[in-house]
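Naming follows writing order (A, B, C, D, E and F), and every chain is counted from residue 1.
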Amino acid sequence: MVYLIRRERFNSAHRLFNPIYSDEENYAIYGKCANPNWHGHNYELFVTVKGEVDPKTGLVINLKDLSKLIKSKIIDKVDHRNLNLEVDFLQNTIISNENIIIAIWKELEVELNKTSARLYKLKLVETENNFAEYYGE
Amino acid sequence: MVYLIRRERFNSAHRLFNPIYSDEENYAIYGKCANPNWHGHNYELFVTVKGEVDPKTGLVINLKDLSKLIKSKIIDKVDHRNLNLEVDFLQNTIISNENIIIAIWKELEVELNKTSARLYKLKLVETENNFAEYYGE
Amino acid sequence: MVYLIRRERFNSAHRLFNPIYSDEENYAIYGKCANPNWHGHNYELFVTVKGEVDPKTGLVINLKDLSKLIKSKIIDKVDHRNLNLEVDFLQNTIISNENIIIAIWKELEVELNKTSARLYKLKLVETENNFAEYYGE
Amino acid sequence: MVYLIRRERFNSAHRLFNPIYSDEENYAIYGKCANPNWHGHNYELFVTVKGEVDPKTGLVINLKDLSKLIKSKIIDKVDHRNLNLEVDFLQNTIISNENIIIAIWKELEVELNKTSARLYKLKLVETENNFAEYYGE
Amino acid sequence: MVYLIRRERFNSAHRLFNPIYSDEENYAIYGKCANPNWHGHNYELFVTVKGEVDPKTGLVINLKDLSKLIKSKIIDKVDHRNLNLEVDFLQNTIISNENIIIAIWKELEVELNKTSARLYKLKLVETENNFAEYYGE
Amino acid sequence: MVYLIRRERFNSAHRLFNPIYSDEENYAIYGKCANPNWHGHNYELFVTVKGEVDPKTGLVINLKDLSKLIKSKIIDKVDHRNLNLEVDFLQNTIISNENIIIAIWKELEVELNKTSARLYKLKLVETENNFAEYYGE
């Protein structure tokens, strides 16, 4: 059982905001991250899959195929986008790292179940100081 | 003459857009960077100052003072902001790296002229692949 | 269950030294790290907490609160300090990465138990080549 | 139980290639990584060991000793080498990240069993986007 | 006059070798870098161009166009290649960082002269410790 | 004329302190960097040399020779040392980045004048946010 990790990146706008709260309440909870005019990040997504090594290829999964899958299912939908307004799988969600990573897991798990590998872990880098990790449970 | 460099960071939303062009023309020029719903970045700003070493302190300028100056004049105005909408020194400007770095130079040069150091160079990191540098000329 | 990671930094002096041994024995065990005039590092501390996502906020814990907690309980006590001489929670300890990380765990675990998150993992970066990790067990 | 990690680096040539396949088939599977004239990488190897902290030294294992062990058993054999042609412990193997990391595990596990620490995890960085991890099972 | 920098990467095999010398002499000069079975690197190329900011676009040059130019003229020819054997613009050259960077300059300068920007500087990262820079003179 | 850069690292203790001032004055000038019990850093030193490429070797200078020279003249004297107390070429100096980099320049320039290359620039990284650069003038 070997674990492979592929890094992909996306640059997006977002804000932390819960519509059930007033603007003042949102600022009290989220601080400047609640700015209604948005801010943004260079996100890095590390996708860890696990699987047996195929003795004919020496591979668990071809990392180029994994990259294409992540790009078509996730990156193309979030890169240079507004995460609050434009992403189908993030609708009706508070756009926190926690909720982004759970939503990406759901999108990727379905697709990876069709391959030789299984999704094991996601890591989302928002800044050099802030990270989220998720194992699907 | 020693050069000192201080790194500061800001996370902002922006878009590349010139209002004299139609949306189609903006997309033709800027691609996905023209997205009207914005995108964003973790910007890094490297400020290089130069000066003589004060023999009494061993310093050209105290880096904590330099950091405070950059924060109060630049970072506080751009961090967790929309660069197109909310920054006084970026009004009526296409929000490209080129124009951001020139505008920051103008703000910082005035302030640094009041100190023992002189502004020498700015470096703006937009992504791990894209950078701008400016020497004020 | 989502894991959040916050990075904080501190710059400290220390030496590896056990007072039960002679200077020669300390050098034999620790090499140049035993230098009685100290050396130092830019330490990076990665604090991983885990918890359920609060549906009202989308957060496990507010990372700014987590940062404040780490700063007040750890960073303020170790940054620009001598780890052998000046840190209350490192008294009577050999100042190895192993012992530093265990001591930081004890300090943080108590505080985090008062929050919505639980301490899961610590990572201490001493140099780009040397790291310690601890899970509290 | 504390985990210590040591990073070591090696710069090597390799190709992805299975001799049971034709050149066309190898290109179909591995793309440009099958280039018969080789390509190469700056590999980074992160070796995680775990163990109890020796109360007399404060150490699980001396990281300089761990570094020497990794260098003599692995790095000296792979650095500035052709991984397909010149490495005894990689003979008759498809030189994928998966197989490299499994082979390094076998070499290191034997040696680490003679020390106070146990091998826990390997991480192999091939590029800034591609990584493999292995826990020996 | 603003300077823009674009980073591109390539993974290649090479050796340091001058055919006018014997194998022993090559080893004496280049050490393990002379290994006839090759070794390799993850190279990073930083291309700095300079130019006036076009007031209509806010750009010196579109970084995506710059990236495409570097990829088509350089990266496609060197990535996953053997720099000694397979690169047209590196024929009859000792494959040192010095000669690689001069040869890349010649290729890029011609192409950039057709654009709104001028080539100003190249930086070639061979390892985290070894770099070359060239200004074309 | 090609520029080559070699990175070397050292881990040292120091304090900012001018003995002509009282402790209170030193704290007023340098803040926590004046701590009499020292603090420390992982310093990175980037040494840039320039020279003509020798057509017989393709090299300006052998980077391994440059590394050895930097290690024997600088790193061996500062690594795991107290910069205020133990370094011959830093005696009677306020141990600021400015003064460290000027003192290293003097040491290296003499030695490099005996080689085929000339010292062009030094860069000293104290933290990820603070840097000094020096060109010898």
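Here, a residue touches a chain if its C-beta (ideal position, glycine included) is under 8 Å from a C-beta of that chain, and two chains touch if they have at least 3 such contacts.
None of these values were measured; they are calculated from a predicted model.
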### Task
Could you tell me which chains are in contact with chain B and with chain E alike?
F
### Query
Is the number of contacting C-beta pairs greater for C-D or for A-B?
A-B
### Message
Counting residue numbers used by both copies over all numbers at the interface, does the chain E-chain F contact come out same (over half shared) or different (under half)?
### Response
different
## Note on the structure
Copy-to-copy rotation (chain C on chain E, CA atoms, range 0 to 180, rounded to a multiple of 5 degrees) logged as 180
#### Entry: Mean-CA-position distance for chain F and chain A (Å)
42
### Task
Could you grab the centroid distance between chain D and chain F? Build each centroid from C-alpha atoms only and quote it in angstrom.
34
### Query
Once you find the CA centre of chain A and the CA centre of chain C, what distance in Å lies between them?
29
### Message
Could you pull out the residues of chain F that touch at least 2 other chains?
### Response
128
#### Entry: Of chain C, residues touching chain D in the complex
16, 18, 20, 29, 31, 93-99, 101-102, 128-135, 137
### Query
Which residues, counting only chain F, touch chain C once they are in their complex?
9, 11-14, 32-33, 35, 37-42, 79-82, 85-86, 127-128
### Query
Which positions of chain B touch chain F when the two form their complex?
1-8, 46, 48, 53, 56-60, 62-64, 67
